[in-house]
Amino acid sequence: MGSPMKVRARNDGGTTEVKILMSHPMETGRRKNEKGDLIPALFIQQVSVQHQGKVVLSAQWGPAISANPFLSFKFRGGAKGETVKVTWVDNKGDSRTDEALIA
Amino acid sequence: MRRIVAAALGLGVACGALGGDQSASEAIAQYRQMLEDGNPAELMELRGEELWTTPRGPRNVTLEQCDLGLGPGVVEGAYARLPRYFADTDRVQDVESRLLTCMTTLQGFAYEDATRAWYKAGSDLEALVTFIATRSKGQPIDTPVKHAKEVEALAVGADFFYRRSGPLDFACATCHSQDDRRIRLQELPNFENPASARTSMTVWPAYRVSQSAVWTMERRLIDCIRQMRYPEPELGSDAIIALQVYLQHQARGGVMQGPGIKR
Amino acid sequence: MKSLSRALPLLLCLLANGVAAADALEVTVRRSFPGASDEERRTRLDQDEVQALCSKHRNRPPADVAARIVESQLQTIRYPEDGKLLGDWRAGEKLASIGTGGHIGRIQPDPADRKKGGNCYACHTLAKKEVAAGNLGPSLTGIGTVRGNGPEAVRYTYQKIFNAQAFFPCSSMPRFGHSGWLTPQEIADAVAFLLDPESPVNKD
Amino acid sequence: MVRREFLLRGSGLLAALVAAGWLSPEAAAQEWNRAAFEAKSIKEALEALGAKDASAGADIVITAPEIAENGAVVPITVASRIAGTESIALLADKNPSALSGVFTFPVGTLPEVHTRVKLAETSNVHVLVRAGGKFAFATKEIKVTLGGCGG
């Protein structure tokens, strides 16, 4: 079970802007630890963002997305109090889902 | 297909040339500005708050009775008023040092356990300090210089700032006593100048993108000292605390901005 | 600790003048680096005379002290065995970008045999193509064009890098040769990087 | 063998997420594009994305600093003004694997995304847009500088 994300969603007239901070090391598998051993690859591969049950963004990532990833985008519609739900799944099968209410 | 890749590369060169009139400092300013939104320090803050409020350690208690200088349990504004003298330990302490006092006396942690790998990304100290510092956002830096030991720490810290040694003859002052100086493209705060000192001290702790971690001021200073090629100072040692007393004193009145984000 | 509290009245008296007792600082330094070996203390924390004087005067030494520093530091300068003060600018260019070597402690030490660089770009603009150049020291772009590469310019440049304080007492610049951080040969390479007409410092 | 195990485990997990209502079936249906993400060169990555006929497009806006203070985190905003934009992919010439990420925009989502990528060194960054089944791209060079005291 991954660490909590920070999800913010704000409606501004016709569109809702979503900002997501995820807690993840995004290890490439090419870095070495202090003993000189390779640190195994560990990175988010799939991201899905839903608004009221409907997908508003999906993404596939490789290890070249920065550690503790940040993502923002906008979708049309959305109203205060409705829910935005974010799920990620990494290459080791770990996943995390967090929600935020649209402000 | 070869044609497409070649075209892609050609266009890249053209774009690079077009944009080439942006100066290095303008480009770096844009880089920093684009990072301002979405500071991963917020994730450390969340974790720090959880660590603060969760019963832990051999005594299975929270840190909510920890006295950071403004009374047991008061976190709001405490960071902006540290380091300071604490009667129970009879010494001037910074936020890490004080947290360790609470973790050992209240929660019953062994000192070695509380400090194990404290300097690595994701440590408990990193998260707790981030949480505590965030709760001083908007508060002016106001470290007391009243108790004799606070007065002494300020003087020792100032002298340490100018003390040169080691194979490169470095002191803190070597890089931090002139305005508008840089190491490569990184601006250096001038701690002789209060305005510059405020610009720096109000944005630490800070998330360092090169480290994927929040660095506390103490972590920052210990790394400066490593770069000066000194031996490694001990966590919570008097020299590091005295130095922070001096730096906070130079920056007094600066309004804490909350954790920053840096290279 | 006890000796410190006994010294407190004296300290407070000195503090009135804005300066801590030198003892308080040295006591603090001594106990703040408990992990350091004796050799590390000797070579990295203990001060030589120049370091102590510059610290005391906060890098603004009075004239007599400054003159003393210049005189003593000129005596420290040593030259390469082959006598050539103008080396290989390409080797010098490499040294100018290397900022590693000589880090100790458990957090992020360098391997003992890691090459120590001059790290010139940390503080100086040199070749124009390197945009990530610091400004703690003056820009040296084109310095070979201005100074030429005659024997006097070469000798002065060599001496300046070997021991900057032989010319500028309490200079911020490390005494690269005096401390042994760079070898005489490496300093000659750095001189070539600065003065050789073919070096990127003097071209473009 | 390793790959097979991964796929089995991966798809099992996605199925579980769908069952739990965490992932929509449409999102789970898109399997991670291993071939594209493991491609070393831009050319191989474009091929794996089915984009080998991509052409340079003027209607793609890349906002990114020309110089990154650190290659571990390079902020980038990309916006497509091409009607019917379905997805945007980010690629970098000099990275060990060229493809960084692919963002898919259902109808109703603005074809614009801001994120942060790693650049191993100074590199051209390519933005590939898929719209109406066709591909277009734009390119920007981002310089990665050495920083700090060094080491």
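For clarity, chains are labelled A, B, C and D in written order, and residue numbers in each chain start from 1.
We take it that contacts are C-beta pairs under 8 Å (C-beta built on N, C-alpha and C of every residue); 3 or more make two chains touch, one makes a residue touch a chain.
Since the model is a prediction, treat every value here as computed from it, not as a measurement.
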Intersection of contact sets, chain A vs chain D, gives B
Set B-D beside C-D; more C-beta pairs touch across B-D
Ranking chains by how close their C-alpha centroid sits to the total C-alpha centroid puts first chain B
Averaging C-alpha coordinates per chain, one finds the centres of chain B and chain D separated by a number of Å equal to 34
Per the C-alpha centroid definition, the whole-Å distance linking chain C and chain D comes out as 46
Rounded to the nearest Å, the gap between Cα centres of chain A and chain B is 27
Separation of the C-alpha centres, chain A versus chain C, in whole Å, is 47
Among chain D residues, those touching two or more other chains are 67, 72-74, 116, 143, 145-151
Chain B residues touching 2+ other chains are 24, 183-185, 209, 212, 227
So chain C residues touching two or more other chains come to 103, 108, 121-122, 131-132
Among line, ring, star, complete and other, the chain touch graph is other
Contacting chain pairs, sorted by label, are A-B, A-D, B-C, B-D, C-D
Contacts from chain A onto chain B in the complex sit at residues 3-6, 19, 21, 23, 25, 66-68, 70, 72
Within their complex, chain D touches chain B through residues 41-43, 46-47, 52-56, 63-70, 72-75, 77, 93, 116, 124, 126, 137-141, 143, 145-151
Chain B contacts chain D in the complex at 1-2, 4-5, 7-9, 11-13, 15-16, 19-20, 22, 24, 27-28, 30-32, 34-35, 183-186, 209-210, 212, 227, 263
Chain D residues touching chain A in their complex are 6, 9-10, 13-14, 17, 22-24, 26-27, 30, 32-33, 37, 72-74, 92, 95-97, 99-106, 108-110, 112-118
Touching chain D in the complex, chain A uses residues 15, 26, 28, 30, 45-46, 48, 50, 53-67, 69-77, 85, 87, 89, 91, 93, 95, 97
